[in-house]
Amino acid sequence: MGTVSEARGGPKLLDREGFLAVAMLMPAVLYIVFLVGIPFVMAVLFSFSDVSVGSPTIDRFTLETFNDVINDPVFRRSLQNSFVFTLFAQGLVLILATVLAILLNRNFRGKWIVRLLILLPWATPIAIGAINWLWLLDSVYSPLTWILREVGLIGAGALLGPRNVIWLGQETLAMASIIAIHVWRMLPLSTVIILAGLSSIPQDIQDAVQVDGASFLRGWFQVTLPLIRPILMVAMLFGIIFSFTDMTVVHVLTRGNPNNTTQVLASWAFYTGIEGGSLAKGAATAIFLMPVLLGVAILMLRVARRTEVR
Amino acid sequence: MIRKAGQTGLTYFLITLFILFTAFPFYWMLITTFKNDNELYRNREANPLVFNQAPTLDNLRLLFNNTNYQTFVENSLKVGIAVVVITVLLAVPASYSLARLAGAWGERLGIMIFMVYLIPPTLLFIPMSQIVSFLGLRDSLWSLIVIYPTFTVPFCTWLLMGFMKSIPVDVEEQAMVDGYSRFGAILRVVFPLALPGILTVVVFAFTLTTHEFIYALAFITTSSQKVISTGVTSELIRGDVFFWQAIMGAGLLVAIPVALVYNLFLDRFIAGFTMGAVTGK
Amino acid sequence: MAVVEIRQLYKAFGEVNAVNDVNLTIQEGEFLVLLGPSGSGKTSLLRMIAGLEKPTGGEIRIGGVVVNELPPRARKIAMVFQSYALYPHMTVYNNIAFPLRSVGMDRINIQTRVERAAKMFNIYHLLQRKPRQLSGGERQRVALARAVVREPDVFLLDEPLSNLDAKLRALARDELKQFQRQIGVTTVYVTHDQVEAMGMGDRVVVMNYGRVQQIGTPQALYRAPANTFVATFLGSPPMNLVEQDNCIIGFHPEHFLPKGIDQHMQSPITIPFEVTRVEYLGSERFLYGYVQGVGERTRVVSNIPSLVQLAIEAGRTYDFVADLHDLSYFDKMSGDRIAPVRLQIAQAAGV
């Protein structure tokens, strides 16, 4: 039998925690630094400069761009729309997803197919999903309009008047449509996240609630809700990030029309910076997304800490 | 018993409402795909939710024969798979390092990396386009393969961190006592145990890449290099003319198989997410 | 097989010294038990021997070689964790084979060794199962089989019986001890259960607050605890402690018996005992109550074997006896053992 000294090798690189920590982390960090860090710094620099597609080098630094951006009424409208859009979409998603998750957490026949049908919106690339809605909300051929007409809400002397509903052409309705589509798109993911939270509640706690004879609602608010609060926060944060930075839905459905009433920050930055060619202005506009996202991030930190303490 | 029956009835009723909301657009897609132009545009009084004339396969023929649809699907798959591979290769070791090796600053660094995910693409977009040109990747699938990990890696690293933390340290130490180096223990014990988490991340990263639209729209103009999102929208919308039936067919053919796969993995995904985001963190 | 030497070992976690100046030599083939409450440093000590924790100061030698800088895999040790740490993704066979694969052993050799170990622990029929399909007792055997299969120099066990139910534990204790004797490997066993420690250890090391309190055979520790901590940590119920002036007098419950059955005692002393409660446990009787003759009125316990059929009722005071030779004496301030002092017993007090 060998002695210790004959055992293989002394400490090697692959035993050293410090080396491993760095070696395993570095590839990801370098990737992020090069492909996110550098563009991020560039974007910030752009926003303080006068670069455009015509003159893509930074000649001088200026605050004028910000000045221009802030004084632009379209920007203000977009900023406001971004908040309205995110707030409504997220509020709705959170409520609906919670209800849906409770339902899906129950046992019932046909659950498999139900899950499939509910997952569909998330399985569709959002651009395609949005085009689907564009067709669904068509001013002439919308089946929704047809249904409204059939049930007598549209027609001579009916509640909504004789004319077809121009879903995407009327200010409030267009915004409502955009919000609805976002809810449609985010619902599956949020539901799945909340479902994950529900399934993490230990069975004995669920049993205890039943044994205690608490009514469904009381059990829900006093036991389940506090337990899944961290994951609800996670679902909400995801939702906010997705909604606040997304421009695909707006781009496909309205391009901000009518009259920029559905314009959001992300799409406005895209139109001014990329399509309009004024890189500086686009970057400056996009920068205004940051404070909100930073707020989200701080919330994130607090949630993370709280869950850790638990 | 009565209460139970009432509850079941309510469950089914609410579920039906939800399904109407989520799946009705797909029914609309399905029925549109197989309608001919005449039925679609001319007969406005007829019920648009059923076939009033014989269904046709012409629109799918148009999709497959007159557009690069198959190429788009292939491209989407190529990009998705490549991005998933890069993501797993980068995020799995990084998440382990942050969760177990990096000590006190691991948590902070982990959150910083997650915050990278919050930087909106619209902001990065402009400099990114310059970097893509600089790397000579403009108009190539590679531009997407290089860029997409910038959002999949941070997110997946964060999710996997929670997962790694949920793996018992004992088992890892046992492997070290059993004759393996630290790295050997990670490779043979930790990573296999992290498989459900890795699977979750694979599904998620793939979804994120198929949903991405803006980079794909701006960086690729050649039809043969386009992915589904951009290809379908650009080739089947010619000026003001929308080839609705073909567009709907294109969407449906992607959505249904993907949803089936998701549904198959949903329980594992939920388990992975539970460990990653709920228990682990 | 190897001698394990530990010299001036320290381990600090931040401000706290988890292990504080430990010196210890574990003999070849010895079964040494580290006993202490949670947080006493016993597990940290074990983990430093395993190489899972780096000492802050001091030296660990295994077989004469300083192993401080060696990773666990190079120390020729085997360890069984409290949780058993079976690899959940591997079958029992692969779990046991895992340590052998690390040294690149060939397939046939691995199979022979795994099967031998499996037979030794009576788990041959479980080889194709996954850990989650096993009972607690079976898991423990798999963990042991995996530990012995490498033929380690040192065997480290971290509370390996604490996850078993009480019935199984007694059996497993016996098996484990027999098996250790059979293969004769140096063993370090961590536990907080004094019954395990007394029953299994060739020697027991009692630890508290990172320091070694006493090292000795179970009998020595029991008969002459080095301080009040050891005295109160061993035995069930533990030693009675009664204060008198600057000193604490200790006596075991089973050495405190009713007058009349003191024939075996060399120099019995009589102490009045006010019984407040009687507990019948089949093989013995516990009497709870107060003594007041010695120093302050103090709660003590008496343990009478069931052979003694004397009727004793709660609520009455009886004359009890203890042998002067069985008493321990401790310093009131430091708690350390001191030389015997003269006892003053007030016979009439409280009656």
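Which chain is which? They are A, B and C, in the order written, and residues in each are numbered from 1.
Note that contacts are C-beta pairs under 8 Å (C-beta built on N, C-alpha and C of every residue); 3 or more make two chains touch, one makes a residue touch a chain.
Just so we're clear, the structure is a prediction, and the values are computed from it rather than from any experiment.
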item	value
Pair of chains with maximal C-beta contact number	A-B
Chain whose average C-alpha position is farthest from chain A's own	C
Approximate Å spacing (C-alpha centroids) for the pair chain A, chain C	57
Interchain centroid distance [CA atoms averaged], chain A/chain B, Å	14
Shared interface positions of chain C, touching two or more other chains	71, 73, 103
Sites on chain A at which at least two other chains make contact	12, 15
Shared-contact residues (touching 2 or more other chains) in chain B	181-182, 184
Contacting residues of chain B [partner chain A, same complex]	8, 11-12, 14-15, 18-19, 21-23, 25-26, 28-29, 32, 40-41, 44, 47-49, 76, 89-91, 93-94, 96-98, 101-103, 107, 109, 111, 113-131, 146-147, 149-150, 153-154, 157, 181-184, 186, 207, 210-211, 213-214, 218, 228-230, 232-233, 242, 244, 247-248, 250-251, 254-256, 258-260, 262-263, 266, 269-271, 273-274, 277-279, 281
Interfacial residue positions of chain A with respect to chain B in the complex	12, 14-18, 20-25, 27-29, 31-32, 35-36, 38-40, 42-43, 46, 56, 96, 99-100, 103, 106, 108, 112, 114-129, 131-133, 135-136, 140-141, 143, 146, 184, 187-188, 192-193, 195-197, 199-200, 230-231, 234, 241, 244-245, 247-248, 251-252, 265-266, 269-270, 273-274, 279, 282-283, 286-287, 289-290, 293-294, 296-297, 300-301, 304, 307-308
Residue ranges of chain B touching chain C (in the complex, touch as defined)	168, 170-171, 173-182, 184, 188-189, 192-193, 195
Contact set on chain C toward chain B in their complex	50-52, 71-73, 77-79, 81-83, 85-89, 98-99, 102-103, 146, 150, 156
